[in-house]
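Both complexes below contain chain A, partnered by chain B and then by chain C.
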Partner chain A sequence: MKVADNINPNIYEKGSAREISKTDLDEDLKDDFDQREIFDIIRNICDPEHPLTLEELRVVEENNIVIDNKNNTVHVYFTPTIPHCSMATLIGLSIRVQLLRALPSRFKVSVEVTEGTHVSEHAVNKQLADKERIAAALENNNLVQIINQCVKSV
Partner chain B sequence: MDPIWFKEDLADEIIKQSYIFNETQSIVTDIVCDRIDITKIVENMAGVLTHRDAENREKGMRFFTKLLKDLPQSYLNQMQVNFISKFYIDRLKDNHRVIPAVLEGYLAIMDMKNYEIKLCGEYFNILFREIACQSQLRQDRLNIYLTVQKVLEKDIDYLKSLGPDFVFGLISSMDGERDPRNLLFLFNFLPNFLAHIPLGHLVDEMFEVISCYYPVDFHPSPDDPAAVSRDDLAKALCPCLCGAQEFGEQCLVLLIEKLDSSLRVAKLDSLRLLTESCKKFKPETYSPFLKALWSSIYREISHKTDEEIKMAAHEALSALVANLATSHNTDQSFENFVKGIIISMQTSVAESTTVAQFVHATRVLLSVANSSKESCIIVARSMIPAIISYYEFKTSAKLQVASLEFIGDLYDLAKHWDVLNDLEKQANEIIPLCLTSVSEPTKEHQMAGFKTVIKTIHALKPDLVLPFVEILIHIVQHSEDDDLLLISIGTTNAIARKYPELIMDLVVKGKCNMDNIMSDKTNLQKRLNLLSNLASIDDFTKVILEEMLKIITLDEKNAYNIVEALNTSLSNASLYTEEKVTQIESDHGLIDSILSWLFKEIKSASEESLLHGYTLISNTVCSLPGDKQILILARHSPNIIEKCQSEDVYFPLLECLYRSLHQNINDPTFDDILKLSLKNALTSKSVFVRTRACCLVAHILNKAEFGQTFEMLYELLKNYLASCSKDNEDICSPLIHLYGWIVKALILRGSDVFTFWLQKILLTITNPECCKDGSEAIRLIMTDQPDSLNSRLHCRTSILYKQRIFQAFVTMSSKLGPFDGETKEAYLLSWAYVLEKAPKTVLNIEAAQIMPLLVDALEYDNKDLLVVMIDVLTHFVLMKNLLVAQSFQTILPRLVKLSEYVKSMDVRIKSLQCLYEIANAYKTALLLPYKTDLLFDLAPSLDDKKRLVRNMAVRARTRWYLVGAPGEDKTE
Partner chain C sequence: MAKLELLQSINAHKGIVWNVCWHPAGKIFASCGEDKVINLWSKESQGWAVKTMLVDGHQRTIREVAWSPCGNFLASASFDGTTAIWDKKSGQFECNATLEGHENEVKSVAWSPSGQLLSTCGRDKSVWVWEVAGDDEYVCEAVLNAHNQDVKKVTWHPSLEILASASYDNTVKIYKEDQLDSDWNCIATLDSHESTVWSLAFDKTGERLATCSADNTVKIWKEYKPNNELGVSVSDQESVWKCVCTLSGYHTRCIYDVAWCHQSGLIATASGDDIIRIFKETEDSDPNAPTFDLICKKYDAHSQDVNCVKWNPTLNNELLSCSDDGQIKVWKFVEE
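== the complex of A and B ==
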């Protein structure tokens, strides 16, 4: 068995569930998408190496999400636990797949590594931005299996 | 003619194996009646007992054994028993075929009254020499063990005198036993044996024979009807392994070895063995192993996911510490061990960055402190100061809250072990820390601080009361948060119990002085709540209540607030006991004051404020003993009844006085009151009065004594309703409402006549004009009302009444119909109310009848109906009911349609949740045909305007994506 890249990562506190406000319960008001909602969709994705969520490892954080309701765009920046993490692409792919399944099709989604946190950040970003490579990856059963296992607990 | 056993032909008869084996009972009768001597019978059997064929000798012995078993145990005299015993012992040397009968027979001999225990010495001698136990059949082996057990029960001292040879014999006969039932017997028997019989030089051999089964690895065969489970065996084996102090060292070596194994059951068994062994072994047994034990236990405690192992490890640790603690005066190792644990846990506490890590470390410490008085002192002495300084340098709010909770728990343990005197210095530091915490602006800090103060109230010094009171009163006046208000009041109450004088000066006569409160109107209610809570403490009752009642009688404007505050506090039974309320009533005349206030206000005040008054009266009445209740009634009811006759607005006063009477109070005026209530229930213009009247009818019916009293009232009710129901159309709706109350009252007292009234309600559902009232009545029956028909108000209640209604409803509704449009909706709605409250397990039985209703209901545009029906559907889905799967073709499109139901987000959320659960529950093969369509249909919900709906849509859609996809691990 391959030993994980980062055997002993730092673990952080899990945030509490979003509190349900009065406006949430009001039938007539329209709730816009916000950072927190996108974060809630991806926080529970599991790390491929540890039984921990991306939130606990601080791979994704609420503040690293940019959303624009008017122009229908979502940018997610994620931070690998160590700069030479070989799983970075896989994590990015999981986030992308999850957002693809869980967001309305009007949004244009981009997933990138936070600047300066990975040795080959440009290569990873390029791969994640390439629609055809993503589509090809999702044809690969082994890969889909790993991704499905990561997003299962969401 | 004499039967055969009087002749020598008996032997031949036995050889022939004929009916004779069934005749032993007659032979025994003959022997007991002295018609024949047992010697004679044996003589007649001679031919078969000494036959040269082993096969026939076996038959002879079998017959003899059967005879002995049937004989009364006290019949044979000592000489006869001796003789027969000698004969049997001699037979042990015979052919192997004969042995089973001998073993069984000897067991019967040992039970005889005149059996001398010393005879068994020779028996065992020959037995162990001549017979290899493990080559016998299962039952015969068991018989051998049973003989040993018998001797152990009869005469332990004799067994001891048999010495090591006997022990060795037993060891060799047990060695290699494989049958689970026999093993279970041995494991149950051995601890007793080991506890009494010294093993001498055979300790190692004995331990080896037992320990070879450890850890038990056994799977019962699937078709065994009375299987012995692995856990039974493992549980029984534990006490054997630590049955004798001499096993100590070997047992611990074994246990540590198995703790390090990678097998989960081995770990669990070892931890349980350790727990068990701590009850038996002396503390010094553990000294050489403590390091190894702690490192293994700690490893298991740190287990991330397996809760069962974690719990077992905690228990083992507690047991070990408790055992070691018995040597705290003589041996240093206990203290060193506990200190070692503290040091390593302090490191983990210091390193922890999340609450989970912190709690994990502190739980270990709590386990240690929980296990003995001595360890509790050591842990608390070093951990309280450590945590206090930890609180100061860790700034994360969650960790600070967790540390406060830990200190509170530790203090509780110290209280439990009664060691607070040894901890005075440390405990004094706790309250200032709480003060720091409650001074923070966040709710979490304040809540945690107050909770800890309540726990550690004994350590509160008078000089800190003032700062706490300042903060508490500030919160009471300004906080909007209910939890925080509640705990602040609780804390004030706790402080007041410890320092009544201080709180009296600072709060009751100081900050919350009545005059003061009344002049300052802001947050009046909250401060009144505080005061009415404090009034439950004896020292305060008089002062506060007198003030309050004075205001109720004099001041009209704010009396309402006081009534509300009193009502809230008095209905809290843990605060105000029945005795306390009775005392308040007799000392201060609470009911009188409230009644006169109500009389004054009844026509002007709002319904809500009056309601507080009514509830307050009924709650006070219900706490009074029967004789006091009668007095109250006698004083007030004539006047009120008279007023009611002319104006129905006074009726609620009457109702609140009568609502909570004891069952045995029987007043001749009840007839009139029932009539009056019925009249009001049907004809009053006010909905409130009608409901109160129905409620009183229900209470009177429910409480009436069984027998004549009830019959008379019931007749009266029936006659009254029969006389008025036909002619007047206005009373149709109130009448159906009243039926609902009657059904509820009757079913709660366990009376079967409720079906008559339920039938009437069901008939109304088929009528388009009043079907809505019918389903409302059903709702009323199924819902619990806080202020009526419960045991606090001395009503009869039956726990399973909802189930009975459900069953009655199922039978009755099958005869109803046909329905159209409106009535169908009301019909489904009534079903919904019944299904919503009926116990879910009962629904499963009637699934076939309910399913079509669910499917139908999904098409109606009625929010209440949809919410309940989708819930019930989801319940069936969770039960993996196949009926749901059979209607997927209809259900799924309807649910999808409901996921865009505009009028209610609840319906949208619930239908999406149901779709999610469907994907979770059923086999892939059943779901796959619908997957593509569903993924497409669920997309619009992802952009729903409500976030809560979107969240559920995300769950449902991502779950459906996994259906049949690689990586979905579904056990099918």
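== the complex of A and C ==
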């Protein structure tokens, strides 16, 4: 078995659950997606190498999510635990897949490495932005199984 | 004002519709996508309807379909690594030849203007040229490894056996056969886009090429032949292709396809911002620095990314588009 790139990553505490406000339960009220809801969709994705969530590793953070409901865009920046993490593309793909599955199709989802946190940042970003490559990857059963393991809530 | 009138909206495929292609006579078109099905559409009294469904040809997504210039053959390129050739010699459409050789996803297929050559390209970074050797026989003539990343699209010059390819490596390459040794060579590299080049289209003369990219621009390239009047220097007696126009600031997301109408000269683009745009060359356009106006912008042409646009090959200003949203739309371009 391959040894993980980062054998001993820093582990952070999980945040508390999102507080339910009064308006959340009002079915008549149209409310937009917010940063926190996007975060909740992806925070429990598992790291491919550790039995830890992306939140616990601070790979994803609420503040690194930008959502624009008017223009239907969601931008997620993720931070690999180390700059030469070989799993960066797989982590990005898991985040993208999870959001594609969870969000309405009107949203344009971009997933990128937080600036300056990975040696192949540009290459990883370009690959994650290429929907044809993503579509082809998602027809690869082995890869889909790995991604499904990652996005299975823990 | 110019506008695109929606003639018909069709729920065409399950999942992404990647490509549509008009039959050369303009009365039938083919479509393909994520559902691994090829649909052939013809116009009935109620509008366009499925005439034939070709299933079981491919194991994975069908990325592109292309009619031969004679209209008797249909080629389909698939992520399963094969290209299938369909014809209806037996009375109904059947796959009578399969081109194998690419290591993985085939992303594009195109027939040469004579119909004697085919080209395919794919994820394995290669461009293949196939010769039609006889009944249901196709022989690989060349494997071109000029690109250093996956190759997204191949297209032929409208009248000559000159091939162009667009790639994830941000460049476009042009190839032709050397008459002396019959080797296919890359004779030009078009290097100016800052991200993946997704598609490309020649104008009717074949002396200009439009390319579109993930850098959100369309570029127009012009061929300068040896001894050209402008004095653009060429080497080895091969033409030089220069970028003479960049359409930037119009598209807000990746441009997946560009179609240059050989009748009207209009350029249509398909973009990830769900918009179809139509550009027209200005009256006083300088051939060496052409200018284009955006004359039509169809917002929300689809509810998701527009993947492909195709002008009807007969002069009737009909435009096809298809999208991630599973739909095909038939438009009429009207200039008032």
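Everything below uses one rule, namely that the second predicted complex is superposed on the first by the 153 of 154 C-alpha atoms of A that agree within 3 Å, B and C clash if a C-alpha of one lies under 4 Å from a C-alpha of the other, contacts with A are read in each partner's own complex, and residues count from 1 in each chain.
Keep this in mind: a contact is a pair of C-beta atoms (placed from the backbone, for glycine too) under 8 Å apart; a residue touches a chain by one contact, two chains touch by 3 or more.
Please read these numbers as outputs of a predicted model, since none were measured by experiment.
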Chain C versus chain B on the shared chain A, clash or fit after superposition: fit
Touching partner for A:Val151 - first (chain B), second (chain C), both, neither: first
Chain A-centred angle between chain C and chain B, computed on Cα centres after superposition, in steps of 10 °: 140
Contacts of A:Ile41 with chain B and chain C, given as first, second, both or neither: first
Residue contacts with chain A in the superposition, chain B compared against chain C: B
First, second, both or neither for A:Asn141, with chain B first and chain C second: first
First, second, both or neither for A:Ser105, with chain B first and chain C second: both
Chain B versus chain C as contact partner of A:Asn10, first or second or both or neither: first
Touching partner for A:Glu27 - first (chain B), second (chain C), both, neither: first
Which superposed partner A:Ala129 touches (first chain B, second chain C, both, neither): second
Nearest Cα pair across chain B and chain C, whole Å: 10
Residues of chain A that lie at the interface with chain B and also at the interface with chain C: 105-106
For the chain B and chain A complex, residues of the former touching the latter: 304-305, 353-355, 357, 396, 398, 903-905, 939, 942-943, 945-948, 950-951, 954-955, 957-958, 961-962, 965-969
Contact footprint of chain C on chain A as seen in their complex: 105-106, 108, 126, 129-133, 135-136, 139
Footprint of chain B on chain A - complex, ascending: 10-14, 20, 24-25, 27, 29-31, 37, 40-41, 51, 98, 101-106, 141-142, 144-149, 151-152, 154
Chain A contact footprint on chain C (complex, rising order): 16, 34, 60-61, 63, 79, 104-105, 107, 123, 150, 152, 168, 195-196, 214, 253-254, 272, 303-305, 324-325
